[in-house]
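My questions will all concern the structure given below.
Chain naming follows the written order as A, B, C, D, E, F, G, H, I, J, K and L, and within any one chain the residues start at number 1.
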C-alpha cells in the first residue's frame, strides 16, 4: 500500500490575472488528460510585457500523478 | 547597535485560497511563539490536488527573528 | 529579423498587498525609464514583518528589453 | 549510429525498506510501459513518517530511454 | 488568448559534429511525434570519448509545446 | 482543515552500516523530542574515512512536523 | 594597479545559425555602447521553434567591463 | 560511538568590521544557548550600505551541534 | 511608503589585501555614480595567482539601490 | 596543528547491489593510490538499465585527503 | 565487470573559433596524459573580449576516465 | 597563443585566524607541488567549533593552473 509510484510531468500555465490563476489554469488543463493528479510544485514564474504592462503571467509547474491503477 | 544577531527557522504554511494567504497563515502561526520576527523568504511553492482541483497551496518560508533581547 | 538583442536588468518591487501587486509595481516603475520591455522572471520572493504581521512583500525580478531600435 | 535520441521522464518510486528498493520499484513500474530504458539519475530522496517511524522512502528519478526504433 | 498552456518534455540529442547539430537532431526527432513545438532550453552538454577523441556530443533539452488545440 | 502549518528542522544522522540506517537513526532521535513528525528530505550524504575504510555514513535531513495542535 | 573594478551586465543575443554566432551578435551589440568589455560567461542557451525547425538560438550572457577609466 | 546525531540551526551574525568578525559574533551568541557546537558553514554574505559606506556585514551560517548527551 | 522599488546591479571589486577590502573597494566605486545604495550580497569570491602567491582577490557583488526619488 | 590542508578528488564507483556498495567500491579503489583519506560527499547517484532491470548503480563522490605529511 | 571505477578531473580548454573547438582542444590535451578517457560534461562556457571582439572562448569540462586497469 | 589549457584542482585550506589566511595557506601549499597556478575560486567556507569558539576556518577552493608547458 505504501509502494505508490508517481509520474511527474512539467507544464506551463498562464493567466492575465496573476500567479494563483496561472497555476489553476495549468492544473485545470492537466486534469483533462491525466488521472490521479496528486501534487504540484512551482519551478518558475515568468511573464510577458507589452506596452509597459504585464500581458500575462506564466507559471512552470511539476505535476505528480499516481500510476498504480494503470499497470 | 549594528551587531544584531538573527536566527532563521523554516516553516510551511498552507491555504486553500492561494500563495499570499498561505504566506500569511505561516507568519501568523510563527508569531504566536516567536518574538521579534523581522523578515521572510519564500523557498518553495507546492500544493496538493484532489479530484483535479487544487486542495491547498503550501508555501515554504525561511523566517528570521532577532535574538538580541533574549540573551 | 530573428537576431534580436535583449538586455536584462534586475529590479525589486514591493507591495503591502501581495506578490502579484509587487510584480506590477516593479514593472510600472521600470517602464518609466526603459523602452521595449518584453519579459520578466521572478528570482526571489521575500518580505518584511513588523509586530507579527507582513509589512510588505518584496519580489526580485529579472526584466528583459529589446535593444534593437537603439543602436 | 552515434546519433541516438533519448527521451527523459521523471518518476517517483517508494518502498518501506529503503532507498535501493524504492529505485528498483520505480524502474520495475516504468519498464511495464516504456521500452529501451537506458539510464536513471536520482533527483530527490524523501519519505513519510508516522508515529515516529519511517513509513516509506520516496525516491525521485529521471529515467532516459532511446527513441530510435520508434520513429 | 493569452492563456496558453504548454507542456514541457525533456530529450537528449546527439551528434558527432558538435553542439548545434546535436540540438537540431533532437528537435527534428521531437517534431516527428509532437505538434506545436514552441521553444527549447539546453539543460546539459555532455559527450562520449573513445580512443582520446570525441565520439559524439550529447545535449539535453527541455522542449515546450502548446496544448491548446488538443483538449 | 487544509490549513496545516509545519515547522522544518535540519538534523544529521550517522551509521556505520549505510545510508538507510543513518536516516533511521536520525528520525529515531528526532522523534524523542519532536511530536507529529510528518516527512523528511535528504539534503546531503557524506561520511568519514579512517585507514582507507568508511567509518560512518552521515546523512543530512530536513524533517517536517505539524504545529497545529500546539498553539 | 591590481584594484580594478568591473561592472557586470546581462544581455541576450540571438542567431539563426547557432550558439557561437548568437554569442558574437550579443558581444557586437554590447560593444556599441559599452567600453572596455573584458569577459563574458554564458548563463543560458534557449531558442524558438516554428514549424518543427529552430527559428533562432538565444544565448544569455553576463558581460564584464572595467570601470577604472570612467571615474 | 560513531552514531552521533547533530542538529543544524541557521543564524545570521553581523559586524561593522568585516566577514570574519560577523562569523565570530554569530558563534558567540549561539554558544550562549546551545551546547556542543561542532561546526559551521557560511551560506550567505550580505550587508547594508548607508551614505555610500558599508554599515555592517551580515553573514548567514548553518551551525551544527551534537544531540547525543541530551536524550 | 512601503512600496519602495530597488534596482540591482552587479559589480566586481578587487584588492591585494583580502575579501573585506575588495568588497569595500567595489562599494566605494559604485557610490561614485549610484545614489541611494542600500544593500549588497556576495555572489562570488575569486582571485588571481602569480608566482605562487595571491596577486589580488576578486569579489562579485549584487548591489541594490532605491529608485523612488528618481522617477 | 589546526592548519591542515586537504585535496579533494572526484571519483565514480559502481555496483550491481546498491548505493552503499557503490560508495564502498569507490573508496576501496581510491585507498589503493591515495593516503590519508578523510571524508567523502555524494554528489550524484545514477545507474544503467538493461532489459528493464538495473544493471549497476553509479555513485559520484568527492573524496578529501590530507596533504600535510607529503610536503 | 559492472563494477568500473572512474576518476573525474576538471579542465578548461580554449579556442578562438568557438565552443565545439574549445571542447576538442581540451580533450586533445587531456588525452596526452590520461588513458581511458570515457566521457565529458560541460560545466562552464566563458570567454575573453578585447577591442570589442571575442578573443577566445573558454569551456570548463569535467572529464571521466576508467581506473580499472591501473590498480 | 590564445589556446591555453588549464587544469582545475580542488583544495581545502584552514587557519585559526580567518578566511583570508585560510585561502593563503591553501595556495601556499598548492604552489609547492603545482606550477603555473593562475586563479582560484572559493566554493565553500566552513569551520570547526570547540568550547563555544571557532577552532579554525576551512575554505574550499578550486585552483586553476596552465598545462601548456608540460605536454
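By our rule, a residue touches a chain if its C-beta (ideal position, glycine included) is under 8 Å from a C-beta of that chain, and two chains touch if they have at least 3 such contacts.
The structure presented is a predicted model; accordingly, all values stated were derived computationally and were not measured.
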Residue numbers at the chain J-chain L contact, same meaning over half shared and different meaning under half, come out as different
Matching interface for J-L, options J-K, E-G or H-I, criterion over half of contact pairs identical, gives J-K
CA centroids of chain B and chain C: separation to the nearest Å works out as 23
Per the C-alpha centroid definition, the whole-Å distance linking chain B and chain H comes out as 21
Rounded to the nearest Å, the gap between Cα centres of chain B and chain L is 38
Check: chain G positions touching at least 2 other chains come out as 9, 19-20, 48
One finds touching chains in the pairs A-B, A-C, A-D, A-E, B-C, B-F, B-H, C-G, C-I, D-E, D-F, D-J, E-G, E-K, F-H, F-J, G-I, G-K, H-I, H-L, I-L, J-K, J-L, K-L
Counting only contacts in the complex, chain I reaches chain L at residues 17-20, 44-49, 52-54, 57
Within their complex, chain D touches chain J through residues 19-20, 23-24, 27-28, 31, 37-42, 63
Residue positions on chain J within touch of chain K in the complex are 9-16, 25-26, 29, 32-33, 48, 55-56, 60
Chain A residues touching chain D in their complex are 2-9, 62, 64, 67, 70-71
